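What follows is a pair of complexes built around subunit A, which joins subunit B in one and subunit C in the other.
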Partner chain A sequence: MKAAASAALRAFADKKSEIVKYLLAFAAVMLIGAGLISFQGEDPVRALSAIWSGALGGRIEIGNTIRWIIPCVMTGMAAVVAFKSGVNNLGIEGQIYFGGFAAAMAGFLVQLPPVVHVLFCLLVGGLCGLLYALIPAVLKLFFRIDEMITTLMLNYIAILLTEYFTVLVIGASSSTASNALQTPPVYETAKLPVLIKGTYANAGIFVAVAVVVVVAFIYRYTIKGYELRQVGENLRFSKVGGVNVVRTFLSIFLISGFVAGLCGGVEVLGSHGRFVSRFSNNLGWDGIMISMIAKNSPFGVLFVSILWGVLKAGALHMERVTNTNRLTVVLIQALFVLFVTIDYKKIYAFFRGRFGRRAVQKGGAV
Partner chain B sequence: MLQVMFSTVTLAAMFRLATPLILAAVGGSFGDRAGVFNIALESFMLSAAFFATLGSYLTRSPYVGALAGILTGLVFSAVFGFFVFHLGSNGLVVSIALNSGAWGFTTLLLTTVFGTRGAFIDNNIQSFPALDIPFLRLPYLDAVLNHQNVLVYFALVFVAAAAVVMYKTPFGLRVRGVGINEKASQTAGVNVLGYRWIATLITGVFVGLAGAFLPLCGVSMFAENMSAGRGFLAVAAIMVGKGNPVKVALSCLLFAYADALTIGFQNMGVPSQIVMTLPYAATILVLFVANIKKAKHADIDA
Partner chain C sequence: MKSEQPVVLELRGICKNFGALAANKNIDLKVRRGTVHAIIGENGAGKSTLMNIISDIYQADAGDILLNGEKVVFKGPMDACAHGIGMVYQEFMLFPDLTVLDNIMMGFEKRRGGIFIDRKKTRAAIEEICRTYHFNIPLDEKVKGLAVAVLQQVEIVKVLYKGADIIILDEPTSVLTPQGIEGLFDAIRFLVGTGKTVLFITHKLKEVMEISDYITVLKNGEVTGNVRPDEVDEAALASLMVGREVILTAQKVEKQVAAPVLEVKGLHVRDNDGNERVKGVDLAVRAGEIVGVAGVAGSGQKELVEALFGLREAQEGRVLFEGADITSKSCRERRCLGVGYVPQDRLGEGANVEGSIWQNAIMGYHIAHGFKRKLLLDRREIDAFSGQVVKQFAVKTPTLETRVRTLSGGNIQKLIVGREFLQKNKLLIVEDPTRGIDIGAIEFIWKKIIELASEGVGILLVSHELNEVMELSDRIVVMYDGKLFDGGNAGELTEQEIGLLMAGGGTADESGRKRGA
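Now for the complex of A and B:
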């Protein structure tokens, strides 16, 4: 009874310190962010309220915020699947491009009945992301090449190759200006329906939430999910415990690639309506940062993605109505990642050890 | 095809393009050897490129620009070191945050300081001068190696110096020792944290210099996201060469050669997108060839 109570107390203390940690990180980011904004000659409060009204001020604004939440959730989940199990898939960006391109091709080359067409395109997109993730997975499993480097390189290759394919699709006669390259639009049947008129908020949000729920369910309630988590937590233990590490590693990498490809598909079918070269603009890295802030928790990704979506959608409005550059938001996001990774407990212990020894002797509890 | 592959233009371009890679990768080898996981070189390089441009713009001197680049690299590596060594952050996470932040940071500064988006070109930005070295005035060699930028020669000398420091000095020995076995080094009385810090700062200095080379190697301009993955290529070169300065530099030359080919191939009519994948594809290919021996007993341990 006593043991259970103290365990519960400890769990509560852990949770409390987690919350304190996020609050500390948030406060630090706000301080530096306010400095950045005033450095640009703007009142931080005004800039922040501009972000707020630009992201949540009305129907249209909320719609566009949802539009950005969708890819954030999906790339975030692609990252969670990989990083939770110790697979450093830094190639989400590249997998998005291949998924997006494949979905666009399926969208304007194939003709299918309404609902079937979208699902088909999404599936094709996911599979192409999966196939692109297969390359680094195989290189790691059979040739021991670090997946971090291969996926980084494959990102650049994916951006260039999909651009080249786009050129092939539209014919060599088109202009060579790389920022305007895009495929023909997909059929109406292949488009994800718009949820809020006049915005890009689309049914992709359901796909995104479904991915979160499915992954969370797998982790929490299935043996496979237990194995996946275990491989990330203690590889040697799970090996001895009889987990087929090779197969598990491969399936993690492929699932992560599939989700990333799916995200590319959703972006193309939901927001752009066609494949636009270089459309992703670091969405893959956003996903990795989101999963890091969310500590690889699926529902955490959902929350952080909302914050990310608000910042992304609000940034443009902030730039329009204040003297603040919208890239300030990119910096704020990076700072947030930096401050969340700090091991505050370690620092606290360090300071307590150095300055507060007497308090500990008296039995000062944390 | 062969004409392009061995033309003096291609080979001269190889040395020019290899310089930032060599500076960054050989400098980064110290951090790697000391067991510091750091893939933030990209962010060091990009930020250093910006401040080098600024330094050169303000003073019309490439050397002040280089100094500014070095200082930027130093500051960024200090931030990296502070988070990883003292605040208990994970090196990968810090790297990703820095890489992502550096893009926003430099582009933000580009718009606020220079008031432009995309690229900044100005007559005030002075590049490093080209050197005329008398004893290189030999037939083929003159076109390939002579009349290069000062830093190109510096990089080649630096490789030799780094190899000597790494393998022939007590400092190099300790850096390597710290990376191989932290506990043993500590027991032997080596200040592990101190050596890691120094190795990280060395990385910062030379990656900063590499960043300064990008805008000041002749183009005299700063462009958004100018480093374009060179920091990652440097990390790949460190992996291929296993932190041995000479081997690392050779892999840099190889990547740069693939990069140099793009110019010739593009003139031959090969689509630019395909040609531009060459350095990245070459990286994967080299890693593949280097690891093919190990493939027999493939097993994951990390």
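Now for the complex of A and C:
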């Protein structure tokens, strides 16, 4: 009777443990966040309500939240595509810069009819992100250099190189004039239409949602998606099964780079209207965090990105109206990732083994 | 005789559940000092769980462990070890780049002043153990490069050094040649002669009859028999294990041999470290023929098979499939031509345990034999093929969406074998198809292999289980040190003669009997 009850309990726990884990992580993060805010001499409730009103308090606020949700979804998807198939693409940030710069170039150097122009710019952005991802992919496939290192390093190269290109485009003389290096604005035909007047909420949200839907569709319904997933879950198995692992690896890298580049394009054409050096400000890393919390699920990314957008937009408002540093929110976001990715079962088993308390009879069911 | 020996270890009413599965149900066991006590049972019968409870890897849900008549509660595996329980696992747990001595003392170094390792004292202690128990192992050599039989002795010395009084050997003979097994048995006999107790876990009935003093049979987590080897025969033991009669002799059918499907000419293959592991192999497999490759693990079988399936580059030589050169073709191309492969590493290469049944069932099939729709997954076709695999190969699973991780080893193997066997291949490379699975599944897979050959498929069977090679093969070759030696047609050579070939034609002594007189 006791055994049956404990078995039922465990089965229940297994199913619900994931949800419980998220809830506990969220609660822990909230507690720590409250502590941090109190430490800065502010009332946590007031800070939290400032985030809430700053993100969802009105039409303008919601518009700006949407503006931040867009890049979060797209970088999150770039990360999901890579991580789901076991490719450690940490170069999303760099691919965003190249995509963004190329989209800006196409936006003010080329003249095309309205709808065609913006699509063309996005495509160019995506392709440039893809090309930039080709470098670490080739280095990995032909020289066996770990992509973790190459993609990480290429981020810095991308940031500085696009900055340098910007200087070239606008001429060296003007570089001293302003502290923000930026290209001339793109043509109106290349801009993504604004959805909510007076905000930066733009049609990029449709691109972002389309990316989610397409990726989810590929993984669920196509043979290619089946292979991509098997390669990610067990590379040797796929290879023995006859999957062309090299080609799959390459295509994962390129798709991830394409999505990142597309994100750069959307940022430039939707929010900035021109290429601004260092505009991304760690969007790529946001994407990696989001995909980790979403456990590489496309629709999970959509959900987490909404939370992320709220926090991003709300943090600015919070800093304005309270004495709390905006970076507190970044800290909280990082802690959330940490709490969600911890393997609690292992830790539990470790401590149980350490102190050997037999009173609680729970085995590590494997 | 030995029944007067005092009980050293007793289990009372041990229960252990994993979720809804009862791995051990109310198990009672009495082990007497100075005896070899065999625990036998099919895979999934609960042998390993029980041993893990004794060595405190798991904790029992109910029941007591009594050591020398006293109830004990261990505080963890280390504590069990301190109480004199030592376990030698099937997979050796040794660091290849360290010396034998370092491996043995790891974690149990004698110390000087509390912090410094006293190598001299440690060494003296280990040498003393080797002397006492007649082990002759090279303490200063690195572990990599030593024969498996020697490694096993290292493992045994390791547990003795840690003060083991009861030694648990988990499937110890699966990696040894017949001669190596004799060596191990001599060592076991010597150990029990000095008062140590050996718990011997195996599924090989012949060995049980030879070595053990007591036999406990487990089935579905319960004890189904406590017998002594002189009271029963192998058939009786088998039926205790399985619950029905099992026929573990392959029923061969007469057939005509046709043209070769696979020909290998002068093949040389290197391993990842650049060492030549296949040194000029010639081989032919004809349609409808089962060619068995016997050999001690690590004789180059792995590299040979990988080269044959396109997973590893051949340095020299040619591989022909139906007369056409496929030496430089990829796995994918070979699969498309009609070559199937059942890899030895079931969980690493044979299956994706994170995936579902259908995801595992269509791997390879989706490329080589294909679905009508090339882009989208056709669930109807997938379900049809996966369902066929599950049904024809008796894979026990609730649904096709079930994750493979939740299946038992035997069921996973049936899934893999089914996937490869149902693909209308012309050649199948089968590597250790029955490793670590229960007798029922072994019987089933053997039957399927023979059926397939009778339908005209050429089969290359690479197995470390000599018995399996001898039962199934039409023709036997023996691999030793990267070369193949003719083992004759089925039944031409005895097990002992093939055992000699496996150990290098009887010239080199690789049997692991490196012990003193």
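In this text, the second predicted complex is superposed on the first by the 325 of 366 C-alpha atoms of A that agree within 3 Å, B and C clash if a C-alpha of one lies under 4 Å from a C-alpha of the other, contacts with A are read in each partner's own complex, and residues count from 1 in each chain.
Here is the rule we go by: a residue touches a chain if its C-beta (ideal position, glycine included) is under 8 Å from a C-beta of that chain, and two chains touch if they have at least 3 such contacts.
Only a predicted model underlies this, so the values are computations on that prediction, with no experimental measurement involved.
Engineer: Identify the partner contact of A:244: answer first if only subunit B is touched, second if only subunit C is, both if each is, neither if none is.
Structural biologist: A:244 sits against subunit C, while subunit B stays out of touch.
Engineer: Quick check on the superposed pair: does A:148 touch subunit B, subunit C, both, or neither? Answer first, second, both or neither.
Structural biologist: first
Engineer: Let me test your reading of the model: by the given contact rule, A:163 touches which partner, first (subunit B), second (subunit C), both or neither?
Structural biologist: In the superposed model, A:163 contacts subunit B only, not subunit C.
Engineer: Looking at A:88, would you say it contacts subunit B, subunit C, both, or neither? Reply first, second, both or neither.
Structural biologist: A:88: touches subunit B, not subunit C.
Engineer: Tell me the contact category for A:346 with respect to subunit B and subunit C: first, second, both or neither.
Structural biologist: So A:346 only meets subunit B here.
Engineer: Report for A:140: first if it touches subunit B alone, second if subunit C alone, otherwise both or neither.
Structural biologist: After superposition on chain A, A:140 lies in contact with subunit B alone.
Engineer: Check the contacts made with subunit A and report whether subunit B or subunit C touches more of its residues.
Structural biologist: Higher number of touched subunit A residues: B.
Engineer: Of the partners subunit B and subunit C, which touch A:337 in the superposed model: first, second, both, neither?
Structural biologist: first
Engineer: Now for A:224: first (subunit B), second (subunit C), both, or neither, which partner does it touch?
Structural biologist: A:224 sits against subunit C, while subunit B stays out of touch.
Engineer: Can you name the residues of subunit B that touch subunit A in the complex?
Structural biologist: Residue positions touching the partner: 39, 83, 87-90, 92-94, 96-101, 103-105, 107-108, 111-112, 229, 232, 235-236, 239, 271-274, 276-277, 280-281, 283-284, 287-288, 291-292, 294-295, 298, 300-302.
Engineer: Which residues, counting only subunit A, touch subunit C once they are in their complex?
Structural biologist: Those residues of subunit A that touch subunit C are 3, 6-7, 10-11, 14, 221-226, 229-230, 233-234, 236-244, 353-354, 356, 358, 361, 363-366.
Engineer: Please give the residue numbers of subunit C that touch subunit A in the complex, ascending.
Structural biologist: Interface residues on the subunit C side: 15-20, 22, 58-62, 73-77, 79, 309, 311, 330-332, 334-336, 341, 343, 345, 348-355, 359, 362-364, 366-368, 371, 373-377.
Engineer: Where on subunit A is subunit B touching in the complex?
Structural biologist: By the definition above, subunit A touches subunit B via 40, 86, 88, 90, 139-146, 148-150, 152-154, 156-157, 160-161, 163-164, 167, 176, 178, 235, 245-246, 249, 282, 285, 288-289, 292, 325, 327-331, 333-335, 337-338, 341-343, 346-347.
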